[in-house]
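Order of writing sets the labels: A, B, C, D, E, F, G and H. Residues in every chain begin at 1.
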């Protein structure tokens, strides 16, 4: 029940076309269910501008299309993450305004480009070339949520001069996402150079004692810089989402 | 080497008082040191306003006093974390303008109160009473860094109605820090209710299979809400610091 | 050795047809076997009413059919768990009275529906849509064991209002099974709202630091509510079985 | 907001003493707080009869006394767990009707003995003598919550005949709590012998590869019997509480 | 009920002084309880010669003395493991025929030396000097159980020639116990040189990534020799006991 | 350098055809190589009677055949473990006297049956039907090494009476191998009933928190019986080999 | 910017063809970018002689060929690691001077053989035949980097005499790489015999409690010899690279 | 048996005072013992120059003094590691030429300063001030083994410019030891800048998810630079020893 519906109901009570008893019945169940629905509505309007997000993995192309069709009735932008090239091909056949980003495994429906709402630029830095899919997922997520974004890839700590050549852009970023596998050392180094908040994304890139990203995850949790927080292994989407909420804090 | 020094050197080459060879030598060693020193200076000025932070654990009262005396020559606010009551007593005997916060194990030197620089209110929520020391460390850190802060303690998920009674404050917060031990479920629930970024702090509170905070840490990394990022176990200071940098993103 | 055999032996001693020495030998080896067999019989009669359970995984369709044919000579209800659609097709071709539940990977032979023996309704709640297979396995297990069951799916903590809209049903349940992956926070929240015992089932749903269900498992073991106990990861069957035994405690 | 308040509000709208706009404001914030408070009250009445529980560890004797004094104004029975002998001595000096159970580290205030509400007997079985403190915590918790209880201690699997000598009592129990450290094998064996639900409690008893109870915990989670669910390591209180809720399911 | 008691009962039935009905009652409860007791007796006689074993850790000197006094009524040898020097002093004051082995933390009551029952010599080899306490616990356990024993200490793999200087004794041993911490490599090397069964005992000696003996434990479980089996970390007693049972297999 | 070569050399010194200096050079390098070769020979003769063992996994059928052909020149019995049905088919086509045991994944070449050398019967007990492959690998290994063997399968602790019906055989066994997955409780129970040494084999059977056999492994390492030692997960071969060496200790 | 370019610029300033202001602009950005580029150049020349290294895994044959073509413009030797036979076939079709080493999964482009720069021989020792691929990767890496290399394979600790037969070569090696899976004991033994530095490489060879190489890794980290350092699991390339840098320390 | 003894024996054979048979017997038992003793001697002479090393932890002052007195009969330099200030005081009272280094917990007996044998300078870099004890243990170990050493402390990655200010010294080092706790990122960064081999030492410095050094250890094992190898957590001595052997490779 949204505000309009609530006002209409109360007007009906006020003008006598709805009895107090009936209104009471309608409203006394405005409990969790209705608050629930109201919550959803309110929530949706809060979220509006970057649409809901479909986790593509484990869903068929048909299921994804069905959900997208329901959502695009109300939303201008829909983001589908972790969707394979195969499935994306099927989806593109049925959904207009859609683009598939192969390396990020992301499909975006965008009737109109999202308005920029974030304070500054969200910078996504990745340590190695293998980390790029996760990095691009972050970048595209932040972008469809209404932020200016930029990516700097393959600037890991083993050749740290590569990182320093981008110092100015790094210093000026509003929020920085740092994506790294293996030893996960890059976020510490980047965070030590800037004042902006850094979201660290461990990736499962590596072998042996990288243990599917545990090594990078632990490295980031123990970062000796303080302006860092960490998301789950390979969670590029979450980092992009978190960065977007941060970039819109002051707005 | 700053711009002035560089210009002077080039002028010396231009007027012949410095040979190309010698200039070449000077410049080819234009190395990290000088950039380094520039970095330090710039870094300091960036950090200015909330002072440096002393990790009290493992330092003697005398060492802490010595560092504080050096810092207070330049800083109006100095934060000492993880300092025991005993040591704090000694420090308070020698440092004016200082207060000890026993439950947060934090000592703050504050010649003048920090100006408010953050966009909105940083809200610190803790699940249980045992999580309060970590929560207060977050709260005080964010406060001395120039933010309005508020704490809501003991509103864990086992009696979730307690959380809901603070819904309005939660919805209006600029950044939320959620501190929880045991199963670490609270950040998911809170983040599901708001648009603001949530910093989750696992604590070592619990026993048995809590494994000193691992259980809470994993719970938070796997949170099904997307506006969450996580810091190290018991790292209240880091969460407060990160929240402060976030709250000042749009400013 | 049952009471009749024992009396006969003692009578033989009393009337001299069995020497003390031989009787002594017989009795001193009155061993576990006989008690064992008695145990089996008694055990079977205790279990009677909901049939034995076949773990389908790792068995061929032919093996499953053979076991079912032996069992259906004595049992009205036979439950097969973790059986793939392929194998189930073969079984259905040979076994009457059988139904395959694809999403729960469960096949049920049911000559006559089981009588309701449980005290109240067993409620199965799942956090996400991916947890539904495990949840349905719980639900069907409890049902064939003679209990009224109901399922509420996709009410995870990231949108906790969805859970609250079912408050009345939750409050009235006799036993509640809560199925969740990722951070496994839902059982704590549900258990905090009710007096009934809650069986928590961690699932392997998630990625990265969910570590195949370890994160959810630890979360549930550390739940800050006290009316919770936990079963193995993805063990929907065990939770349904445990709930059924609980629901029949007072009967 | 209860039904009376809602009816009054709607009547005010109907008779014009409250504007639609103001009513709309009141109702649109008909939020979780009020439902929350209602929840608290209802919750308390549900819990009534066995009192609230104080986790003694980490609290001073003075704090415990203060909480007990507040609680005993409304409750006839108060349970304090994990309280050392020292603290308990102080509490006993100030609280009447109180008894300290040294081996269970439990203190119980009991103005009148709790009425028996559970369906049958809750049986607590422990594997070794070192597991007795945890077992007794279970036993006393279930007892103060209004259940008939009985304990059988030191009947571990290394001499399984000791267990079998109690077969009749085991078979007749309504709910069984099995407490074991080291390899945690006892719950499987017990559950294989009975139809009743079994709550398994791993303890931290052991050394080397027992890893503070992890070995026992894993053993219990992987029990090959199905009528078992597990609580946290050393969580005797939780097992007793869970058993009590189970024993009262059919009532 | 032992064989004598059983014979007496049957004789009473044979001579009519006990009715079949009464004998039946006595015997029909010759169930687990009595089998239990018979089991114990039989078990004791099987174990006879090396006495029962008291785990001293966590027991007071008074408790240990009480148990020893009960046992020494029937046993010539009693072994107490993990008993500190302090407690041992008290015990020695009250128990004759007793000796304390400080480095093994073992106290032995020995009225008459145990007869040698084992086939050959049990050899105990330790890698480092810090492993000696565990090694000596093995050695003394095997000795009091009636075996010839010999110890070779401090022959770790870092100076493998030290091991080889004892080749003949190693080759001739009946059973070999190898005790090692850190990387736990010694059992593999020893087992590769001999045909005898090797019991490997990981110790908690080490630091850092030895993880309290996990490293040594894993090394031993993965030994590339096949005549090896492993006991728990620091379980010198168990290794000695197992070796004694092995050494008496052919006897 | 064997004894013949050594004698020849010394004779050459004695008769002057080899100078002391040259002999000295030859002999001073009489180092590990020669001892090494002597070791090999000696080792082989020690091992003789049960042949060497080929780990089939990771080898092609052709490679296995080649190794077998070399070995069967000297050996009457050759054991190949972990060999798939496919590869075994190829091997059987080329090797006479060979049999493939499908469920144990073992291929045995046996020109003449091995003479019985072990003291008594080696008993292999498995908890579940899924553990049978590992159990049979143990059984066949012990058998080809010259031992009488017997298997009792599917007698897990969830229905412990099944185990007790075999009490006499269990009590009479010389060495017992117990194979179990999931919670790994069976070895404790068996070892508590007998005096013989027990080799415990954890299997990777299970799901969820069985963690590929870790749960069973830990359970066995923490067994509260003392006559137990453990081998690696799924290491049926190793257990059979170890049992064989134990069974031949007294011989 | 290299030295030539820098000299040219300064000459232009000296002869007035470049203004101080413009030179200043060019040089003031001779910051990280240019240092970066200079670093690369300098770095390359330092590395020269063994070329850059391409991690083949995750790259297509086409991508590898493209990178190789760019590199072979400047380099005489190019190393590609972790490249499958399939991909290597494609590469060999397009790249001259190239050889594929199937067992090491390494492809080497070598226009002219690398000059020997290392001090002595790098010896690569592997414990088992399954460790050979990793060992050969080490060996080939060290070889293309300009070192004399030698391999001794299949000399694990279960038959330690095999190792000793190579004592002289082992004692004379400049650097030793020891590759082992399972219990990872070989490096300790080897390092105990020599003065040279030993690089230990754990492999993922093993099963059960080898946990994909963790067991070997921990064994090596806890080695009781001091002249050992460890690289990541299966990191043959890293060990070869590290050994090469060590072998060239004194040169 | 040394060369003299061997020559004498062969002379006796040559002159007929020893029969071939007796000589053969003497020599055929020229087994590991004698090789062992020869090994020891040879080994000692190889090690000569930096003395043996005493691990002080777990030894009494008296034991340390006794060992030192035996060693100083033959050695000019003796190193004692992990010795507390208390014990060191006692040792200094009895041993001349000795110095205690409090922060490294190292005591050095040095009659004459060790001759410099290493090729270049061994540089020890530590990330934080808390890592200094481990770093100094490395430094002193390398120094007493005859190497030029230098330490740069507190140059962690959170302020990476501090590291760069020492670039020249870092580039010129022969071997570099990098000591770091927390995320352990520093070795990657340092190794990326240099050609020299880098020994990485993880420390147990940190809290929460640093897990006593596991986080740093994993970070270092996964370093994306290739000229790195790792030693055990807090093993400063081992790193210094390894670096010394490396620094003397080319000599």
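Here is the rule we go by: a contact is a pair of C-beta atoms (placed from the backbone, for glycine too) under 8 Å apart; a residue touches a chain by one contact, two chains touch by 3 or more.
Source: prediction; values computed, not measured.
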Reaching chain G from chain D through chains that touch each other, fewest steps: 2
B-D compared against A-B, more contacting pairs: A-B
Longest centre-to-centre distance from chain B, chain (CA-based): F
Approximate Å spacing (C-alpha centroids) for the pair chain A, chain E: 61
Distance from the mean Cα position of chain C to that of chain B, given in whole angstrom: 50
Centroid spacing, where centroids are CA-atom means, of chain E and chain H in whole angstrom: 40
Sites on chain F at which at least two other chains make contact: 31-32, 35, 39, 159, 208-210, 214, 217, 221-222, 232-233
Interchain contacts, given as pairs of chains that touch: A-B, A-C, A-D, A-G, A-H, B-C, B-D, B-G, B-H, C-D, C-E, C-F, D-E, D-F, E-F, E-G, E-H, F-G, F-H, G-H
Of chain A, residues touching chain H in the complex: 127-128, 156-160, 182-185, 188-189, 191-193, 206, 208-211, 214-216, 218-225
Complex interface listing, chain E residues touching chain C: 3, 6-7, 10-11, 13-14, 16, 20, 23-24, 27-28, 30-32, 35, 38
Chain G - residues contacting chain A, complex: 31-33, 35-37, 39-40, 43, 58, 202, 204, 212-214, 217, 232-235
Complex interface listing, chain F residues touching chain E: 39, 46-47, 53, 119-120, 174-175, 195-197, 199, 217, 221-222, 226-233, 237-239, 241-242, 245-251
Contacting residues of chain D [partner chain E, same complex]: 130, 159, 161-162, 164-165, 167, 207-210
